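Letters A, B and C name the chains as they come in the text, with residue numbers starting at 1 for each one.
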Amino acid sequence: MKTFIFSTTLDQKIPRSFFEALTFAGSLDSAEITALIAGSLSQEQKDYLHKAGCGHIFFYTQELPQWHDPMFYLDLVENFFAEKGEPDLVILGASAINQVLAPMLAVKLKAGYVSRVISLPEPQNPHIVKRFAYSGKIISKTEIKTGKAVLLLGSNAIAPVEAEGVKTIETWDAKPATSDGVEILEVKKPETRQLLTEARIIVSGGRGMRGPEYWKPLEELAEALGAATACSRPVSDEGWRPHHEHVGQTGKVVAPDLYIACGISGAIQHLAGISGSRIIVAINKDPDAPIFQAAHYGIVGDVHKILPQLVEAARRLK
Amino acid sequence: MDFQFTEEQLMIKQAARDYAQRELWVDVIERDEKAIYPEKHVKALAELGFMGMMVSPEYDGGGMDTISYVLAMEEISKVDSSVSVILSVNNSLVCWGLETFGTEEQKQKYLRPLARGEKIGAFLLSEPEAGSDATSQHTTAIDMGDYYLLNGTKNWITNGNTASTYLVMAQTHPEKGHKGINAFIVERHWEGISVGPHENKMGMRSSDTHSVMFTDVKVPKENRIGGDGFGFRFAMQTLDGGRIGIAAQAVGIAAGALELALKYAKERKAFGTEIINHQAIAFKLADMAVKVENARNLVLKAAWLKDQHKPYGVASAMAKLYAADIAMQVTTEAVQIHGGYGYVKEYHVERLMREAKLTQIYEGTSEVQHIVISRALAKGELLP
Amino acid sequence: MKIAVCISNVPDTTTRIKTDATGQKIDLNGVQWVLNPWDELALTRAIELKEQNTGLVSEVIAVMAASAAGEATLRKALAVGADRAVRIDTDPADSFEAARELAYYFEAHWADIIFTGIESSDFNGLAVGPMLATLLKIHLIPGVSGVFLENGQVLVQQEVDGMSIRLKTHQPVVMVVQKGIAIVPKIPAMRGIMTARTKPLEVLSPRKEALQTEVTAFEPLPPKAAAKMIDAEDAPRLIELLRNEAKVI
């Protein structure tokens, strides 16, 4: 079964979602895996690729569009297929570009498409999948009736396994893909970015933080843990924190290994955005806050007294 | 018999709910505490068309029925009755009174801006010595030939300071008793009108309640509503409809308290389980729900009768009497369910309890509603 | 310029989702249906654009693939300010069926800008917009958090992966819109509710082609154990547990 995996790089790094997809595909005995990575990479990352476990890996190193241009990536991947043959199965990790590229590829390949896949109930059959539905409130079992299939994995659906076994790694020297019809007027790129959707640990603050001036200990904890910072909707609505930090149904849906909710009561819209997290920690002064129902660990108390203690303990770990 | 709402009625209910929960909720505690008039909300609700929602589109109104109106009143009152009373006075007293009994000229001049919500109206009946007994009006309007000369004081006037258009009841022919009373359209800015200080109320603190004094105010003849001596009937008929609005407000206060108490009971834990699993709380909630449902049905029945152009005076009195009483009961229980939290402002229910009390008093006290209902009973009007 | 907004009907977020006795279908009894929140914001922005650019934006059309149960939602779209509504009479089984039916409609009735919400809060497919653009072979701009018309040109704010990009785009174009496109959903005004009565709501027959995917069963989330509570006085123990027990740091 010809299996295709795709990812772009992010700040010279290969995103974790790529390795998730590779591990997921590697679990299928019949998969002949070909992976394409677009974008520049540090040498360290290139070296690390040998531990990715399986498959033939290709690089596309020419310039990528400055904007998030799905037509470009569709064209790129179609060129790749023209040369290497069309796959039967496409497995994509949940990066921003893949979320858009996956359904487009499904149309092009006339393949059945399922997003937010969490597992295969029949381990060797990629045509039957389990996925989250209704904002993570229920799991549905879905059957793909077409011969070809495109799966977009839910973030953190699988833990990537480090292993030898990569067959080839080479540059794919193709004609540059093209896209037109759009003119770029301005590009603002943050100096550093820790993407919420990529972050393994997120420290998040809610209205219980009382105000933007009290965020310092939360940021210190995030720094000590190598975590990204996030917030609940009221916090971004009040302008205490930027909108891109908003996690929840209408903000970002995240699924880190660890989500630490500080002073967040846990409205259903917020829980919908974090339900895929592996471990949730709740710190809140109200013992009846719904966040404790969703949490794995909880501390009832004043977040402003607790955070500095956690910062100190986290720093001691290093 | 059909208990289905139309899609449109549900849409209006949802629109009112969205506005109330999203916008009014945010600053209602602060407005209540500091008695701040909800100016921006009145403006926003006017833009949405709520200020004249029952007025015919011909006069710039929303053309909606009374059912839609009570659904909207309920949703807004779940959050803030200071706002809903402004809506109620403007819609069911001032706009309805003008549309039903005003001349074409009066409607063109006064009803249109009121229906658009650009201007706010007030209804001036109560006096320092004439509250429930509206027959004994001390305010006088002497017929001077070309105009009426208005003198006297009105009390407890909702929108007293913000209104531009007053509907004022005054005695023209004292010898005729209540049949000598007239109703007038009076503009706030006319000479001789002064407004007393804002009343520091127990509840609905951000609605704008004042006394209004008239000293030799000249009212043009064409500003009288209806024929000479029509004022008392005008006031009574208008208040029949007004009561439906206040009854809906009382239902909203009760239903709002029930929603909050239910939410709290599902979250709050005691003795190892959510308190809703304790029968003492669960049964209380069940009783509250029955009362709210009963009151709501009475209000909807009165609204339906009005929409069907059937007599609704007694039905509206029953709705107002019952809804106001259960609003008091349900809000008190909601405070009880919240325990200590219910007694602090942050949890909203103590405010709803303060608001509920007023619904037993204004637009006809509960005692007056008893009179209306018992008289109808005595006349055999209520028995099948 | 015509702006079309693809809308869908979803259970209110606070709805409890459970399956019926067969375990194969969601029990829809008592479900409160609402306009999908992202679609509602898209619709709000489309109407704002029309109001701010009279003459330039000639029409805002709300299009939906749904059974008759969806009509209340469409009429709400009309009340909020859409000029007309189209319902393709099918309950799509997956994102592709929705996209395909919408594509057939747009092939026959062109729109210059097509908005789709980033996802629907029921199936969370994230797919209708990209599929629709691919089927129609027109431009696609995902991650749209702002749309502006300036001097007849369509300017787009795209926010993805922390990047903020301003673009000028040609039409026709499908835009997948997300948070920020409008601040709060527009509440229908009385006048809008009144005029919605007389606005056209067209019902079209679906093409109904073979399904690509099928949901065969639902299952509840695995039960979660109660949270392990740590005393506030002993907060540093949390860090220790996260490292040694949960092994996440």
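The criterion applied here is as follows: a contact is a pair of C-beta atoms (placed from the backbone, for glycine too) under 8 Å apart; a residue touches a chain by one contact, two chains touch by 3 or more.
In this text, all values refer to a predicted model and were calculated from it rather than measured experimentally.
Visitor: By the document's touch definition, which label belongs to this structure's chain graph: line, ring, star, complete, or other?
Guide: complete
Visitor: Which two chains have the most C-beta pairs in contact?
Guide: That would be the chain pair A-C.
Visitor: Just to be sure I understand: the centre of a chain is the mean of its C-alpha atoms, right? Then which chain's centre is nearest the mean of all of them?
Guide: Measuring from the global C-alpha mean, the nearest chain centre belongs to C.
Visitor: From the C-alpha centres, identify the chain that is farthest from chain A.
Guide: B
Visitor: CA centre of chain A versus CA centre of chain C: separation in Å?
Guide: Centres of chain A and chain C (C-alpha means) sit 21 Å apart.
Visitor: How many angstrom lie between the centres of chain B and chain C, each centre taken as the mean Cα position?
Guide: About 39 Å, centre to centre.
Visitor: So the centre of each chain is just the mean of its C-alpha atoms; given that, what is the distance between chain A and chain B in Å?
Guide: 54
Visitor: Considering the complex alone, what residue numbers of chain C touch chain B?
Guide: These residues of chain C touch chain B: 71-72, 75-76, 79, 184-185, 187-191, 193-194, 196-197.
Visitor: Tell me, which parts of chain A touch chain C in their complex?
Guide: Touch residues, chain A against chain C: 10, 66-68, 70-71, 74, 96-97, 99-104, 106-108, 111-116, 128, 130, 132-146, 152, 181-190, 193, 195, 200-201, 225, 243-244, 246, 249-251, 257-258, 268-269, 272, 275, 278-279, 281-282, 292-302, 305-306, 309-310, 312-314, 317.
Visitor: Looking at the complex, which residues from chain A come into contact with chain B?
Guide: Interface residues on chain A, with respect to chain B: 287-290.
Visitor: Inside the complex, what are the residues of chain B that reach chain C?
Guide: Touching chain C: residues 7-8, 10-12, 14-15, 18-19, 22, 47-50, 53, 57, 61-64 of chain B.
Visitor: Would you tell me which residues of chain B are touching chain A in their complex?
Guide: Residues in contact with chain A: 267-269.
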